[in-house]
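Below are structures written as structure tokens.
What follows is a pair of complexes built around chain A, which joins chain B in one and chain C in the other.
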Partner chain A sequence: MPVTTSESAITGVEGYVAEFERFQQTLNEPAGLTALRRRAIARFAELGFPTLRQEEWRLTNVAPVAQGAFHWPENDPDAVAPGLLAPHTFDAAARLVFVDGRFSPRHSFVGELPPGTVVASLAEVLAREPERLEPWLARFAKFDRHPFVALNTAFLRDGAFVHVPRGAVTGPIHLLFLSSGEEGRPTLSFPRNLFVAGEGSQTAIVETYAGEGAYFTAPVTELVAGPSAVIDHYKVQRESLGAFHLATFQVQGERAAVPSSHSISIGGALVRNDVNAVLDGEGIDCILNGLYFGDGRQVVDNHMRVEHAKPHCASHELYKGVLDGKSRAVFNGLIHVHKGAQKTDAKQSNRNLLLSRDAIANSNPQLEIFADDVKCTHGSTVGQLDEDAVFYLRSRGIGAEAARSLLTYAFASDIVERIKIEPVRRDLEEFLFTRLPMGEVVRQAV
Partner chain B sequence: MTGMLEIKNLHASVDGNEILKGIDLTIQPGEVHAIMGPNGSGKSTLARVLAGQEAYEVTAGQVTFEGKDLLEMDPEDRAREGVFMAFQYPVEIPGVGNTYFLKAALNAVRKHRGLQEMDAIEFLKMVRGKMKLVQMDEGLLNRPVNEGFSGGEKKRNEIFHMAVLEPRLCILDETDSGLDIDALRIVADGVNALRAKDRSFLVITHYQRLLNYIVPDYVHVLVDGRFVRSGGKELALELEEKGYSWLEGMAPEHPAAQPVGA
Partner chain C sequence: MQTTETSTIEQFAAQDYKFGFVTDVEQETFPPGLNEEVIARLSAKKGEPEWMLEWRLKAYRHWLTMEEPTWANVHYAPIDYQAISYYAAPKPKGSGPKSLEEVDPEILKTYEKLGIPLHERAILAGVAVDAVFDSVSVATTFKEKLAEAGIIFCSFSEAIRNHPELVQEYMGSVVPYSDNYFATLNSAVFSDGSFVYVPKGVRCPMELSTYFRINARNSGQFERTLIIADEGAYVSYLEGCTAPMRDENQLHAAVVELVARKDATIKYSTVQNWYPGDENGKGGIYNFVTKRGKCDGANAKISWTQVETGSAITWKYPSVILKGDHSVGEFYSVALTKGYQQADTGTKMIHIGKDTKSTIVSKGISAGHGQNTYRGSVRILKGADNARNFSQCDSMLIGDQCGAHTFPYIDVQNPTARMEHEATTSKIGEDQIFYCNQRGISTEDAVSMIVNGFCKEVFRELPMEFAVEAQKLLAVNLEGSVG
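Coming up: the complex of A and B.
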């Protein structure tokens, strides 16, 4: 748990509320936004940090965050060492880099994009033309029941704003969030992203989270998939093992949109991903996939909520976890079908592979169905490697360790293979080859 | 002369139940031995003990393979030394491509034998040749191991693996089960093509039919964990005619049938 004696450390509910009073005086923004922040911090003051007594948090203890003391970063975002960036970058159409939640122009670029496409720092857009954000910002990610969304909304400052206009097709847009907390002076950041995909547009956005040391980050991303927009979203979470990462990803789908999300969770001491999708138009086809790894004492919690608000929508969720050491995973998958959302086709599957006796996975599917002509299925499994398969591989000359690694890789591979952006997929494969014992045999065998 | 495989007084149990109650068997290079027996007699247990499946506990006896203590070896080392078992129920392994997996397996075996690893081009050339042996469809190469294969395709894939890995001792664990006559013929032709004077076979089957195609040098009948009768290939025909009930009563009176081929 981070401990600090610095005067500027923020800690406890009162600490954040007091910090907000100071923070809001530094703002120069539309009155509407400040009013929103006030409502958010007031709501946070009411909610407080979640406890194990709350249903939505009963298996994930956020006490290290609630009791921790964090600092705003003081470093210069442009001064971040290029060596920290390099492992995470790839050839993208645009890349924005944020260091401890603040935009780094020096490490960012926007290449050739279709006319009218905006890929920019949210802080810059807020300063220059805040009215551009007004129709969408903070309209979808609700803070009334989620203290971390409330905190993010109160303190939001920077992040990425991506707007792909009607009919435009872009290459992959990369957003890299680096954090650099020091021991004894852990940092705090509230990245806020807004992606708007116009009617019939097509784009791919990759969010990468990585860092060093101890820190707390609570990003919120809102994605609006316009009518018939095709948008592939990837989140690669490779935070440091000292990080607390509590994120919300909010998808708002309009008629016939095809939003997909792939969430890869590797790092972090305490990780929580709330993924909420509201399918608010007919004919939406929404894919939500995830792959999470846990080792040591890592905690990773994926909380999914898919709301079928209109008829003829499909949602397919597949989340897989590989858990070793004393790690712990939570999967909570709620599918809520509104009255009138007929012909809903909702599928949810959560599979967990335990590699050690001490790893734990909790899987909790929930269906709330208020329409009568729907197809909803869910399944969850928690299991170990199939010993028959291990023996089969060994009987062909593959060593015991390599056989286990090969089967672990195979378990993860159906999510890996769905990643359409090659460098992202390759990075993940590389991670597996490096992380798995005898990974070189696996590299050769797949 | 000692055999390629020497089994002496082998006893094995699973979950505390003794299944093999004293097996003696010697196999010389190039020989084909068939083991027949009713369901539950211990045929598959013998195959799996030889391949090294850990669920089976050897409680007494010895097994040497080319002079080395086989029971001391891990399953992968047995494979690398040249023991191969074609599974009765080949395991589906989603996510692991048949070809890549086989290349990793072959290279593990070659490394163990002090041979150079094969590169992809050499490997593919060799693999294409071996596929013809069992009339394997090239499409099956690029699929995950056994995933979605029909019963016949799975068995052919086992023989294909065997052909690629070039073992010295091939154990076929009820490879004929679930095969129609055409598939059986293809599998048997593949096996026959692999017969060689330095390669031995242990063919485990419930039915005599397979032995019309893979003609054994010796036939042993296993009842209740012991060989009750050993003989030449004509023993299989006799069994087919009279049924296992003919021999079932013999087990207690003949605790140690004569080993053959010694």
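Coming up: the complex of A and C.
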């Protein structure tokens, strides 16, 4: 594993560019990949950190990240206390643990998987057989428009590589990303994941992000759903409240694939999820759902982009948010139907529940349609709990607070119930019971 | 009556753009170009007081520091602002028309051709008209009758001369001179427009209307409309526009400001049919307009209704600032793009007061190579308790070369607010057409019928005569869109 480099903190665009010069000297890899990194860092130098004057970042201020000073982590990934892992693990077919973006073999295991299936650290595959990644790596997540994807591509080193071969069916694969902001030394990490589902394969992948202290992480995940592959992707983001989490998830669908994604966002001080799906084959059925919670001064921004490039595809998006305190949520969803993508059936909906006077919701669903025989709808709502429903519950002897919690639970469980992996679902229900006031009443009621 | 109406429809259908003729009148135009001197000359020409010139120059100087916006979903070659003539007017005979008899008969004929009743016989039509020909207002009808009720309805230049205190108080109060690139340009060079003041408690007895006509070549039209409805007043105002067919693009950058005081209601309807360019997308009007209304007191109401069928490019967002408690904003729009037309239109509803309510209904129809964009913003500010918004944006696509886009921006900062947004996109179903065909209705009629049904919610909001006109306009514009 290449040792990193700089002792001092990295800050500002110049800081990252200068760090890249040091960083790339430590690498021993195919020339093609180094050239890719160079292009990415050059693009980052051009783009710089996004500002509020850019449409895509109009409502999300990343100044804390742009002005923050971050360090490469120094601790040993294997030395992480098992107690930190325990709350997030469940019975999976394979689990890879990454600490501050670096693979921890000690805490990881790969159980019995169908022959040909690979679940491994990206760094190991890169060192051993980089040609294996060649057809996919960095081919889908575009860094020319997104500065954090550019940064990730320039500094990519480790993450998970999952390849499910043709026709294979696997149990759930769990990827756990832990970050530990060291005292007075905020860390940074750029996890990079690549999931490839072969023709007709079936698999489920859960990404969990969690941590302690203050840190900055910008993960990028690329998912390639081969022809007729069924792949369920879950992302549970439970970062610490001091974390900056700026992630991109890129889905590439081929003919008749059935990719689905559920993104649950709970933690983080500043969270941005870019979810992009390109439906590049006929007959794809793509589901993108999400649930986000905001409290205190949290900022959570979900940016979706679904490209219907070929005819006869369906996409369904449902994002729900529960906002309390002075939190702010941004939802930006674009459905782009290309010329000739006839018979597209695209649905998008965003619902926000405001629990406090100071919470803010911004919702920008967008449609761009260049084909005429399509069905596209979007809907967006922002509001508070229905007072009539609260009254109804109260008239049946349920206290005001419990009634509100019950209704909030019902609102959120709409997404939670769609999670097919039971332990993950139960874990989230448990989170709701503890998060909501009078959660015990809710637990008994449901 | 029935037969003439049918023949009118046939006439409509026979030609693509009926209002493409040019009126041959002696024109007085400024040479193209824009600088402080041109503005001073324009102001002197109109005999404006010092404060007006100051305002124009302030706007012009600010305009020089601004950059032309590029965020809209429309594409056009850069505009050369120095190649535009900023003043074009029919040459006055003598000291300017005092009554209709003195207006150049050529111009009267123009309006006659357009079907605008300027003559007193128009009493039957029951509409008061202010006719704006290029840069100046040529005639305003029913002035005396309106004056009896205390209503001021005149051209903007006249208002500057006769009611400077009102103009100074309200001009720029809704759309400040520094608002945006085109509004600022307008503030510097605006030529004429309409001015309406309805005093306290008066319900305007007839529909007011302005008819805009661009006639001169190479000129831009920069009109400014200001409508004030004082406490408890009511006014309904219509606007219509046409222009001759020309190969080059002409810029139309207007500003409309509405002020509705406590308990007042303003209803503003537009049927915009500027020349859209030929079938290859050559020529046509750039319709870059800033329209905004302010509900400045409790229970005020502003309602925008627009039917946008013309212009090469339409780029406008009639907006409402809901400042007074319980105030109401409405926006009803039909935008049709065909040929190579582009439209980026929608509305902004800014909820400031408590219990404010807004409704947005937008229907976009794209045919041919048309690109239709709905862009809207609903902002519910912190103090807007119990604000309510409902938005619905439906798009219809006819043919596979066109596009429909929806960009609503929703910003809610108050938890008691309720807002809903819905959008759908569809095409005319083959089964729907088949059903009509089966019952002996031709495909063309079926499409026109379905489209009219699609737009019904908006047409319902138009004053009667306009609703009929709008339906016909749509039918004509859709002519030949169905393969």
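Just so it is clear, the second predicted complex is superposed on the first by the 438 of 446 C-alpha atoms of A that agree within 3 Å, B and C clash if a C-alpha of one lies under 4 Å from a C-alpha of the other, contacts with A are read in each partner's own complex, and residues count from 1 in each chain.
As a working rule, a residue touches a chain if its C-beta (ideal position, glycine included) is under 8 Å from a C-beta of that chain, and two chains touch if they have at least 3 such contacts.
Here the structure is a predicted model, which is why all the values come from computation and not from measurement.
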**Message:** Once both complexes are superposed via chain A, do chain B and chain C end up clashing or fitting?
**Reply:** fit
**Partner chain in contact with A:L85 - chain B first, chain C second, else both or neither** = neither
**Request:** Tell me which partner A:L406 touches in the superposition: chain B (first), chain C (second), both or neither.
**Result:** first
**Message:** In the overlaid three-chain picture, which partner chain does A:N362 touch, first (chain B) or second (chain C), both, or neither?
**Reply:** second
**Request:** Consider the C-alpha centres of chain B and chain C from the C-alpha centre of chain A, and write down the angle between them to the nearest 10 degrees.
**Result:** 70
**Request:** For A:L288, decide between first (touching chain B), second (touching chain C), both and neither.
**Result:** neither
**Request:** Check whether A:D372 is in contact with chain B, with chain C, with both or with neither, and answer first, second, both or neither.
**Result:** second
**Asked** In the superposed arrangement, does A:L354 touch chain B (first), chain C (second), both or neither?
**Response** second
**Request:** Compute the least Cα distance separating chain B from chain C in the superposition and give it as a whole number of Å.
**Result:** 13
**Prompt:** Can you list the chain C residues touching chain A in their complex?
**Reply:** 71, 380, 382, 395, 397-400, 402-427
**Asked** Where on chain B does chain A make contact in their complex?
**Response** 51-54, 74-76, 78-80, 84-85, 87, 90-91, 93-97, 100-109, 112, 144, 161, 165
**Item:** Complex interface listing, chain A residues touching chain C
**Value:** 55, 339-340, 342, 352, 354-357, 359-384
**Request:** In the complex, go through chain A and note every residue touching chain B.
**Result:** 386-389, 391-400, 402-403, 406-407, 409-414, 441, 444-446
